[in-house]
Structures are given as structure tokens and as C-alpha cells.
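Questions regarding the structure given below will be posed in turn.
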Amino acid sequence: MTPTVQKYLTQTKMNDLYIISTAVLVSASCGLLGVFLILRKMAMVGDAISHAVLPGIVLAFLFSGNRDSITVLIGAMVLGILASVLIEVIHKKARLQEDAAIGVTFTWLFAIGVILITLFSRQIDLDQDCVLYGEIAYVPLDLWFLESGVNLGPRALWVAAGLFIVVILFVTLGYKGLQITSFNEEFAVSVGISAIVWHYLLMGMVSAVTVASFEVVGAILVVALLVGPAASAYLLSKRLPTMLVLTIVFGVLSSISGYYLAKYLEGSIAGAIATMTGFWFTLSLAISKIKKPRSVVSKQG
Amino acid sequence: MEAFIDFFSFHDPNVRLVVLGMLFISLSSSLVGSFAFLQKKSLVGDAVAHSLLPGIAIAFMISGSKSPWVLILGALISGWISILIMDFLTKRSKIKTDTAIALVLSVFFGLGILLLTHIQHSYFGNQSGLDKFLFGKAASLTLIDIQAFGLVTLVIVALVGVFYREFKLLSFNYEFAKAIGMPVKALSFLMNTLLVLAITTGIQAVGVVLMAALIIAPAAAAKIWTYSLSKMILIAMGFALFSSLVGSFISYTYINMPTGPWIVVILTFFTVMSLLFAPKRGVFSRIKRQRENSLKINTENILKALYHLEEGKSTLFEWHKLDQILEKRTFNKVTLNNSLRQLSKKNWIVLGEQKVKLSKAGELEARRVVRLHRLWEMYLTKRMNFKSDHIHSNAETIEHIITPEIERDLILELGTPKVDPHSSEIPYSD
Amino acid sequence: MSKETFDLALEVHNLTVSYNRKPVLWDIDFSLPQGKLIGIVGPNGSGKTTLLKTIMGLLEPDSGYVEVKGKPLKEVRNQVSYVPQRESVDWDFPADVMDVVKMGRYRKGNILKRLSQDDKRIAIESLEKVDLLEFSNRQIGELSGGQQQRVFIARALAQQGEVYLMDEPFVGVDAATEDAILKLLVEMKSKGKTVIIVHHDLQTAYEYFDWMVLLNTRLVACGPKEEVFTKEKLQEAYGGRLTVLSKIGDLISKKEFPIREKGFSEKK
């Protein structure tokens, strides 16, 4: 093995590591929040928010001039919360049924986002493909250099790590609040706990996570990561802590297997990871059926 | 202006193609979407749109052809499969409906993207024709595409026509349809097929992500205007058609502008306008109704106050100072003036300088309201066993709602009572 | 309604409540004494659950107010325990029996903190009282209806309230569980607790409760059971709909009429 090939291989392995680590951190962050989304039967609201933040990202990008800033994060978070407020208003005040309120809101916001991208295509460096499925493969290329010239590694990896820490803090600190408002909202309110506050806290966090993951993995993958691993964990968990841990496990499995699948097929990594969330879900479903064969489940709630 | 004439004179064959394509797509999407909307399956439409992608990719990979028929077949199969899976998950596992939809949506779409990008890399960019499914490229529709759309639309319209009554019952009352022995499973399968077909053509105009709008928005906008299903469908089609024409026009005029998003923006505009301005159920209609209610309440209260001022006195139709009315009730200035104006318009009072007096007609009307108040108090006391200190405030509200029909019912049930629970005489119009 | 001079557990004043713009409760006014087992009964759709939810602050009344032990609910929340209907919860939720009972120790004040040892002890004791301690680690979806109900009651016990409000706790519950719950309620009463229960079954109501509230959109009767459970009162509550009243209700809903004249008040 020549030194150049060896160097290339090591470098590739390093790139692999960067990409996979970023994917793992993003999927863990999305998954943990996704647990509460599916327990509250709000999976599609999560889908809606991930589309609705697009105009926020574009506008913030325009104002701040670059795509990596806090402005983008805040701008999109605002839009995520705005979207969930809009859905509520259209549903309650204009009296449109909830599924239609969700559908109309997020398609409209996403359409505006795409139009804005086209209008300002010169000032901003986003294209439709990137928006849909990001390009996590570029992660190793976008390195973060300090003034002193020290290479801290890929910027996206740092963002993902920061995100993960924030999510862990949120879920740990807010565990009881999220748990009780997801399980029995009426009881929570009767004890004086504000269901509305926890709702909007969760929506805000989902918006933030969506945005931060957006650039790396695009809109569609975010949904897959919000819902897939959590759904897989749901089938196999008796208790909430288990579900949270298993979600991370499934997220990790999907990220790693997805990465290698993409490499093998020379296709989109984001798409592959999304596909693999489906694979692991099927496996989890099979395991759950074996553990407890029930042909008809009594539906409640 | 020139562009407008250029476009709508349809002498450009490309424009003709686009317009025709849009016509077909609007018709089929809004038609199918109306039923999906009624069954609260709008988001299933969203999931199906995303689920078509892998079918299209695989169809291309197997056949090597980009013929619309091949791709439609692939889309159909993967669309069917996605519906089956969503159904299975919801019925046979702990997974709830919303999670099933989101899961299927993202996994299938991810698979589709994976395959599309794989094709892109291994078939040297030959997948350019497949891109239009992702984002919709209404501007570059070919004759073959239009033929396919036309046929699909024809099939959809024909089948809906044949099974109209069955689809209608299925959408409005599934349980009842099942109970009377309709083959609900087969019919649902048929409806799902039509949904998938419509979406397959639709995504070529607006793309996968925005397809849901073509299904949901026309129906959402139309429903609030009518209670009739057929009218709703026609209105939905109208909205859809108009939006897609305007959207196409915009992207024809401004080359860079994508068609899909503009269609969605215009459609949403119609939806919001409908929700706000539709008669009876629209937001502004409701506000107007509430204002009318308030006006009625206020004017009737003034009449009552005047009546009370004269009750039991020997001389009627006297001038009363506004202050005297304000002694009986609080009104803010604007409300008072509005109400007085309305009463004067109806010739129930005569306006003077800071004073008013009842007209003959006004006295009858005042009598009516007082009568209703006292009848209702009797009803509360005799039939509902309310305590005497509870009936007054209740009657203050209800006296304004009681219709002549209900008044007759009350008089009948109570046996034409002469006095109310406070021993005040009940004034009948003799 | 007879009023005796003991402390009142609950006072409801002129309560009017709408659901979907239609008035479901009209001018409800009653008081309940402490230390009794009280049943709220009435036909379907009479507003029983709405009443309970309004008392718990889950619904906003159009008019009137509620006081628990002489104070608004906000001030005495830690003295009131609420047991919602069993069907209001998704029993597929990933939680075991102990998790749910521990939720009885959650308060606004401690929501961000971990539960204390004391909290855990109380949870265990509550489970013992309903005889479910061995099921602590069972996932709640695996329980029978009766067991699920007992978990809910254990959670309420863990709240250590003085006044308990329960929404149809005997629905879908086996006979043995029903007896066990009743025994528990009697024991709670002997300790001075007040238990107010929306009950679905008229036949057992007389047997189980000391006081009763007879409801059908408006208050029909309230008082010791012998006074309330008379033929006339029952006839009035259960004997068919008041057509005029329901016509009015429909009209109010259709025309979106305001239930209470806000801002058009009379001067006395």
C-alpha cells in the first residue's frame, strides 16, 4: 500500500467519521423531541413545522448575509412557532378541520419559501435540492478555523453537538412537564401545570432542531428523524425513559446503516438514512409482534 | 400586458399544452380532493404524494423508459402500497394514525430520493426527466404527458360520475354505508386508486411537497360556501383551475419563477378569502351576526326601559329624558346613539333634544319584549324550578332570542299566565 | 335544598356553561358539605362532566363562579384531587403503574425538580391502599379496566387532597373492583375527606352516596339523598326533554347569541 493511498484511506475514514457523527447527533436530537411529538399525536405538525421554517431561513439569510448565523436560527424558530399558531387560529377561529389547517398552512409557507429563494437567488446560496435533502456529504469540507489557524473540524459537527446538548437539557429538565402534559393534559391543568406553555416550548424546540438540522440533512430527512426512530422505540418500550434511550439507539443505527447504504448505491445520504429508519422500524415491528402476537389492538384515545 | 395577451390568446403551442395540462390536473385533483377532505384524509394525500417517488424511480430503473405510462404505473403501485401500509399500521399495531402517515411519508420519500440520486450518478444524468416529479415543471410538459393526463382525468371523472352516490355516502357516513351492505372495502379501494392517479398527474405540475395543497385547498375553500356536495366540487374545481392558470401565466412571464409555488400561493389566497368572507359561516359573517345580535339586544333594552318608565301610569307616549333611560341601564355613548338611531329608523321611537318617546308601534314592540321576559320567568319558575333570585338575569338574555313560534309554545305550556313570578302583569297584545 | 351550618366543601354560584356555543348548564347554584360521599347524577347529556370540568377550571363558564372551601380553585389547588374519565387517556402510553401514581405528586412548583423520597413513599402508600403494589412495574395498557381505574384513584390519593372529584369511576369496572373502590371511599369519608362523584348508574347511586345532586342542564335538586331521591324529583330530571329549552339552546348555538349580556348591565 503506497503512502498516498494510505493517506487517502485514512482521510476517507476521517470524513466518514465526521459525517456519521454529525448524522448521529442530529438524529438523536430530532428523535428525542419526536418521542413527544408522536405521543401527543402531533407527528404531522412536526412535518408541517419542518416545511414551514423555510421562509424564515430565507429571510434571515437575507438579513444576516450568511447562512450560518444565529439570525437564521432565530428567524426560523419564529416562523416555526408562527406556523403552529397559524394552524391553531385557522382551526379554531376560521373553523377549518385540523388536518386541512395543517396542510394549507405548511404548503403555503413552503411555497413562499421557494418563491423567495427564486427571487433572491443571487443574494442567497440555497437551491431547491439542498432545501429538500441538504447535503451532509459536504460536512467534512466546511471546516471551522479559529483565528489562530487551528482547525476545529467541521462546523456542522459542532452545530450538531451544540444542538444535542440543548435538546438533552430540555428533555431532562422538562421531563416531568412534557410527560404529564403528553399523558393526561386535563389532569395536568387541574394541578395547575400550563399545558399551553409546554406545548409552545416543544414547538419552539422542534423549530430550532428542524432549522439546525435543515442545512445538514434537508426538510424531508428531518421528518424521518423526528418520527422514525421514535416510532420504532414506541413499539418496544414499556416506559418513557426506555423509549427515549431506544430512540437514540434507532437513530444511531439508521444513521450508520444509512451512510453505508448511500455509499454503496452512490446516492443521497439523507435519503438513505430516511430509508433505513423505515428498515429498523420494520424490524422493531416484527420484534414487537413476536413478543406479543395480537391480531387486533384495542384503540383508545 | 403583452405577455397577458400572448399567454391567453393561446397561439403558442407550448402555452396550449401547459394550459390543457393544468386543466386536467386541476379537475382531477380538486375532484378527488373534495372526497378526501370530507373523509378527513387530507394528510393521507400528502403522504401518498411523497410515496410515489420510489415507484417512479424503480419503474425507470427496471424499464429504462421515461414514458409517462410506465412511470404512472410505477407511481400507482408504490402509492397503493403506501396506503396499504398506513392502514395496516393503524389497525394492527400501537402506532397511531398521524405517526403512520408521517412515517410512510418520510421513509418512502427518502427511498425515492435515494433511488433518484443513485440513478443520477449511475445513468449519467439521464434522470433529468424524472426531476419534474420532485418539483413539478409545468412549463415543460410534452404532448405525451398531456395525453396521459387527459386519459387519467377522463377515467377519474367517469368513475366518480358512475359511483357518485356511493362515494357521497361513503364520505358522509361510512358506518351507515357499511350497515346497509355497501361494498365499502371495494369502494374505498377504488377511491384510493383515483386519489393515487390524481396525485400522480398533479405532482408533475406542482411537485411532491406542494401536492397536498392541490388536494386540500380547493376543497377547504369551497366547502364553506355551500352545503351541497356537487356545488362544492364545482366551486373547488373553479378555484383550482383559476389558480393553476394564473400560476402558469406567472411562470410563463417571469422565466425563473417556479409554477408550483405560485399555484399554491393563489390557492391559499382563495382559501383564506373564503374562510373570511363566505356568507353565513365565514369569519366576517359571524362578526356581522354578532353585531346584529348586540344591536337587537340594545334596542330592545331601550324599549323595555321606556316601557317600564310608563308602566302603570295613566299617560302614555310621554317624552322621556335620555338621563332617565341611563338611570335604568348603563350604555356607552356610542352604543346608545347607534341604538337610538336604529329605533328611530324603524319608527319605534321619536327622537327629540336629549329626549325620546315611544311610538304606537314601538309600544307594541316594547310590550312584546316585556311579555317574553315575564313569560320566560314563569317558565323558569314553573317548569325548571329556578329560584326567584336566579330568573331575572337569565330572562334578560333569553327575552331577545325567543321567536314567535317559541312564544306560542310557551303560552301554551304555561296556560296563558296573567302574571309573572314577581306578580307583574304579563302584557299581551290585545 | 336544606342547608345545614357546617363548612362547605364546594359552592357553585349561578354557573352557566356552554359547550360548542350551546349552553349545557343553566344557572347552576348549589353547595356541598364536607366529609360526605356525594353523587352527581342525571341523564346523558345533562352536563355532569361539563360541571366537573368547570369546577376543576378546565372549562370557562359564561357566568358564575366556583369556590372550594370558600376560596377560588386557584388558591386551593393542592387540596383538590381530580380523577378524569378513564377513556380520556391513551393507555398505550409508555408508563407503568408507578409512573402514573407518581404523577400525583407533580405540582406547578416542583415540575422542574426531581421527586423527593417523601414523594416516592407517598406513591407507594397510595398503591398499597388500592391493592396494586405488586403491579407497580406493569405497563398500564396491560391492565384490566378495573385496575386502570384503581391506578387513577391511587394517583388521586397520592395528591393527598381534601376534596376529591371523580368522573364516572365505576364505568366498565368489574364487581370486585367496584366493591373495593367503594370500601376505599367510605374509609376516606371517615377521615373527613369529601368525595364528589359523577355517577352513571341511578340504581347504585342511592346505595353509595349520602348526598346527591340531580342535574339536567339545570339543577333539579341537591341535598341528602332521601330528600333528592323522590319520585317527583327523579321524574323531573329523567322524565323527557324540555322541548322549549332545547329549542332555545339550538337557537343560541345557531345564531351565536351571547349567553350573558356583557356590558349591557342593568342598574339596580
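Going by the order they are written in, the chains are A, B and C; count residues from 1 in each one.
As a convention for this text, a residue touches a chain if its C-beta (ideal position, glycine included) is under 8 Å from a C-beta of that chain, and two chains touch if they have at least 3 such contacts.
These numbers were taken from a predicted model, which means no experiment stands behind them.
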Third chains touching both chain B and chain A: C
Chain whose Cα centroid lies at the greatest distance from that of chain A: C
Chain A and chain B, separation of their C-alpha mean positions in angstrom: 32
Chain centre separation (chain A, chain C; CA means) in Å: 41
Chain B and chain C, separation of their C-alpha mean positions in angstrom: 37
Interface hub residues of chain C, defined as touching at least two other chains: 92
Junction residues of chain A - those touching two or more other chains: 234, 301
Residues of chain B engaged with two or more neighbouring chains: 94
Chain A residues touching chain B - in the complex, by the definition given at the top: 38, 41-44, 46-47, 51, 90, 93-97, 99-100, 102-104, 107-108, 110-112, 114-115, 118, 121, 128, 132-133, 219-221, 223-224, 226-228, 231, 234-235, 261-262, 265-268, 270-275, 277-278, 281, 285, 288, 295-297, 301
Residue numbers on chain B that touch chain C, as the complex places them: 94, 286, 289-290, 293-294, 297-298, 301, 327-332, 379, 383-387, 390, 393-394, 396-398, 400-403, 406, 409-410, 413
Interfacial residue positions of chain A with respect to chain C in the complex: 39, 173-174, 176-177, 179-180, 182-184, 186-194, 234, 237-240, 242-243, 300-301
List of chain C residues in touch with chain B within their complex: 14, 26-27, 29, 63, 92, 218-220, 236, 242-245, 247-248, 251-252, 255-261, 263-267
Residues of chain B that touch chain A when the two form their complex: 37, 40-43, 45-46, 50, 89, 91-99, 101-103, 105-118, 121-122, 134-135, 209-210, 212-213, 215-217, 219-220, 256-258, 260-262, 264-265, 268, 271, 275-276, 281, 283
